[in-house]
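As structure tokens, here come the structures.
Shared between the two complexes below is chain A, which has chain B as its partner in the first and chain C in the second.
Up next, the complex of A and B:
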């Protein structure tokens, strides 16, 4: 960890330093470069595409750390069918631009001739990469985006056979949110079950409005939906007035982070925050930075996570437990752990399991076939592609959480606690949900 | 009457005759490239051709007809949208792509009657508003599912190499065809009339130029070009996400390429597209610095070299490789070279 320490001591550590440091470490590791060339029968090229800069940068912020862990763990190669394969990971930054994501994927396919493509975080990253792989016949595995937007958002039709042969996803979907929210809202905090829904007129907002809201209504909640707003809206007075007059005590929202900050400040000024008992945010509030940015309005906002350091699962690639991953990240970077750590790690866990299961990882068709029935242990739990919900897609859980003020003496301002576990009872509940206005 | 020195009016100089021949040879070489070139080269060149089309279209609008549009992404996006609609309706992928571009062009015709009533800055802003409006209308289509978008998965029916080559040839044909069309148009009397409108609309009208018709022709041609670029882009990326395909960045790229290459010259936008393509290929990794660099370059060119690189080359060496104007060459006693505008 010397390189990290040096950077840390030198002063503030930013993302770029971290990437440089991670790169330096990989280079300096005595066996890091030599091993695949020496021992391996062949080298497998694996593309890894994620957003590390731009508006989605908080997703990719911890990727260099995970890459460094994974590279070290795979330095001696992977044994498949009696042969040892070196693994070369070609990581690329989309800069949060879907056009660039597609171009990077094509370049990895056409120029670098990758055997396998991994991608993570949001439809803007995953869909263009998966489409490029599907069109080129390169096996592709992704995570962290609503599976409905991956499957139906790329032209698949309900009730028809899957049109995809090469692209696979394990991630959460609308039903996972439903189960999590119903469990969270029927928990220790008593409310009038009136839910204000602040949903933008964008991909996620519309999917949630069409599928999640009716299901929540069926589960006994009254939905107050003032209608879709456009991303980038600066005046939420109308929505706030509606929520106030209807007396909602639960707020559910799927905004882009800057919009939530705008809305939430206006909600505080106009007195809405005082009446809300549960503030359930998704899409924003995934990472400590977005909640810290809200200042005193941040603590007690409820969220949901796709990975948490208290998950009882370990990485099958590095052998590290969820807690180890979070702790070593904090130690190495001085930053608070984030839920993307375990998610990116799980992508490599599943990816390596797929390479092993294929029997012949250089054979693209064999690899795709292996993924279609893959069973793997990952940091987010066991995944099983035979289960569905649709071909080529596995559901992973969403777990209810809450941001609370950290205990005195903590290194960080906020603590992120698990408040329900309806989607995966193996995950330990760490705290009771407390009311936002409590 | 003073005796003027003798001039010959000519169009094809020796340099331009040679470069015309070279252009034909280059196109012929490009046409056979997919048979020998690697996948990556073929795919990258397809991107380059799309950029050339975009740059040439914006130049045709702004550099020749004086229509400064910041909403050309409307046609780029809507062409792709109609292509997907046709594909879903059962049209085979490649005919669907071409149909998409043609339908977008058909949409541009009635739009031109409204948009061309606006002039100058109003037209620029109006085009942006139009692009946003079309974007929102497309979002309302249940097939597109708001910003979720969809993908033209019918393209997956082709083998990888076949699709790459087909995209490449379609892009090459589109580029050569559109550049050829602009070349022929600009050399015809029509070319003189649009440039007259650009330089002074009232004066042009007063000498009998049919202003609206000339502008409309360029508007519709540029709409077709941008829509074709949009469907070509769809063919290479498969993914359609409204926010991306209707992104104002496409017009920003067009402006940058035309401005840097040389606005109002035939060769400039081609040069600009090649440069932009190379810069993007080399420096896009640097992210923020790259974007800031592009912006700085555009500003510097606008301030200090408004006629772009090719404009400067023309001025300095009096070089026109593919002439759309006329040269005056002194045939009498040697005089310094001059050229008509």
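Up next, the complex of A and C:
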């Protein structure tokens, strides 16, 4: 059996090998070792790289559940061009380390000989994996990181043709945040349109400062930016004093979770929280645990999501609706659903669609070509690589949300509601944004 | 008034640094070991307080009392089973052993508690954000004052203990010279055990305060170790009150740095640490050559 599979996998099947393999089959069959009734014609190896441990672990926390669902749905293989291919997913944990992410990708490429690479969650995961695939000529599809950091951050120049042949991304970008925030802040909560910006001096913070803040200023908001701080700062008295004296009523921030908790408690200690009407937190506050950790200061913080259980889309691989995915996750694990569930699922939806669209999934060039024009239905909506914004990248929406106290009798402390849908009108708005001190 | 606020917040922040540095300082002062697992032990204690507090539905402060006792036992065991063995093989081995312990602890905590960010903030009610508002631009947080008070009380108690009790004298004697201490009938092995137990018990208090003022996850330890280490180096290694001074200087440097430019918060702390270290090296280098002026040829 081993020879049979290896030979087919490598895509180098000649007559002698076939006879050898068939001989193996003949021996194996009587002893019950043969494949199931409808044997796969070949097995495709798909690498899946995500951060499951380390500081980014809350992103990867729900990945085992999705992997289990996807493996079950793909157990019978995928039919492409009249042939059935078995799919073996090799999942790897980056431990939140970009160097390790690159090493894992190289190992998957050189040692495991993967046909296709998937990766998700943050530039620290996706960029090194995409770079390794680009260098080795292996098709790579990723999601969940700002597309500007994926495209320009890896060396592409505006206005020039894309330097990438093998790596593709569908994800949100700065413009999606802009549209979402403008819609959220011009909504039911009245403010003086003065925005305090608490942005760290890291890749995300500086990108937001350079691109999002001027755009927000153009949209009619006054930006108060005390300057970038280093991740790991333990005291924010200087910034709080500045926001207080400027009288800001909206706060926008892109912190890592421990920094936000420190800042937010000091803001309460020093009286800043009383004057704020909208508290728009990105990066932190994607997952229930980081908001729950804030205690009574957590509810009414506004956020934004890349997937929500109320999304009207279903997975093309498992057939489950967004709500089904969230519910079955809560049932299986006892934990509250998180937005990464649908995002990781969408990566497999798009990945399997790409394998099908390629016609010849073992042919790496054909697969890469198929992705470059791929149209696919996923849990985050329909994606179409022909649309851009740049070659090899598709925009997916960012939807405004708010954490509110859960209704009495709920299993969890907080509820996560959709408060605006400027980027995707198909997504139902579930609640009106309420003021932070409302 | 904003300057007063700035200084007050910096000093209060320094209290937290002194609290976390206290155990590290004691262990280094007595055993000459830099415990690289110090921050991770603080996080372990934070998880213990959280678990005890939520399982038995008791106040985190009561849970902390129990945790301090558990962590004292952990400290004793750490000395008996890891540090003592590694100390026999020279100075580098304990460093490597505690480094290994740090990694093992982080991953064990991750296995046991998962990656979620936690906090004790929601268990202590309004204490987490209540403050005395002196003026609109100057308020003092109760929690920060509590932490500062705890640091002073703990350092004061330790200092009295080392000066006034016979066990304290035994610890000081062993710290000076374990072999001579043994000659006069002190059981150095037992003294080391006690010192490690006290050191790790104070880490438990610091860990609980970390968990109340901020958040923690299994990987929060190393950053706390850096602050603790800087505080003791600035304050003078092995000096308990120096630790408080070091913590306050570090906190002030960071607050002042952040007011000039928010980017400089950590940098100002690191630079102060470096300046103190460089200053000391220059002084020692000079002393060895008959005074700095003489050494430079003035």
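Note that in this section the second predicted complex is superposed on the first by the 400 of 438 C-alpha atoms of A that agree within 3 Å, B and C clash if a C-alpha of one lies under 4 Å from a C-alpha of the other, contacts with A are read in each partner's own complex, and residues count from 1 in each chain.
Basically, contacts are C-beta pairs under 8 Å (C-beta built on N, C-alpha and C of every residue); 3 or more make two chains touch, one makes a residue touch a chain.
No experiment lies behind these values; they were computed from the predicted model shown.
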Joint occupancy of chain A by chain B and chain C, clash or fit: clash
Partner chain in contact with A:102 - chain B first, chain C second, else both or neither: first
First (chain B), second (chain C), both or neither touched by A:237: second
First (chain B), second (chain C), both or neither touched by A:211: neither
Which superposed partner A:245 touches (first chain B, second chain C, both, neither): second
Which superposed partner A:53 touches (first chain B, second chain C, both, neither): both
Which of chain B and chain C A:193 touches, first, second, both or neither: neither
Chain B versus chain C as contact partner of A:262, first or second or both or neither: second
Touched partner set for A:152, first chain B, second chain C, both or neither: first
Chain B versus chain C as contact partner of A:83, first or second or both or neither: neither
Doubly contacted chain A residues - partners chain C and chain B: 53-54, 201
Contact set on chain A toward chain C in their complex: 53-55, 57-58, 60-61, 201, 226-230, 232-239, 241, 244-245, 257-258, 261-262, 265-266, 268-271, 273, 287, 289-290, 292-298
Partner chain A, residues of chain C touching it in the complex: 2, 5-6, 9-10, 13, 16, 107, 110, 114-119, 121-123, 125-126, 128-131, 133, 136-137, 139, 141, 143-144, 213-217, 219-220, 223, 227, 251, 254-255, 258-259, 261-263, 265-267
Contacting residues of chain A [partner chain B, same complex]: 53-54, 93, 95, 98-100, 102-103, 106-107, 109-111, 123-124, 127-128, 131-132, 134-137, 149, 152-156, 163-165, 201-203, 205-207
Complex interface listing, chain B residues touching chain A: 38-40, 42-43, 47, 139, 145-153, 155-156, 159-160, 163-164, 236-239, 241, 243-244, 247, 249, 284-285, 287-288
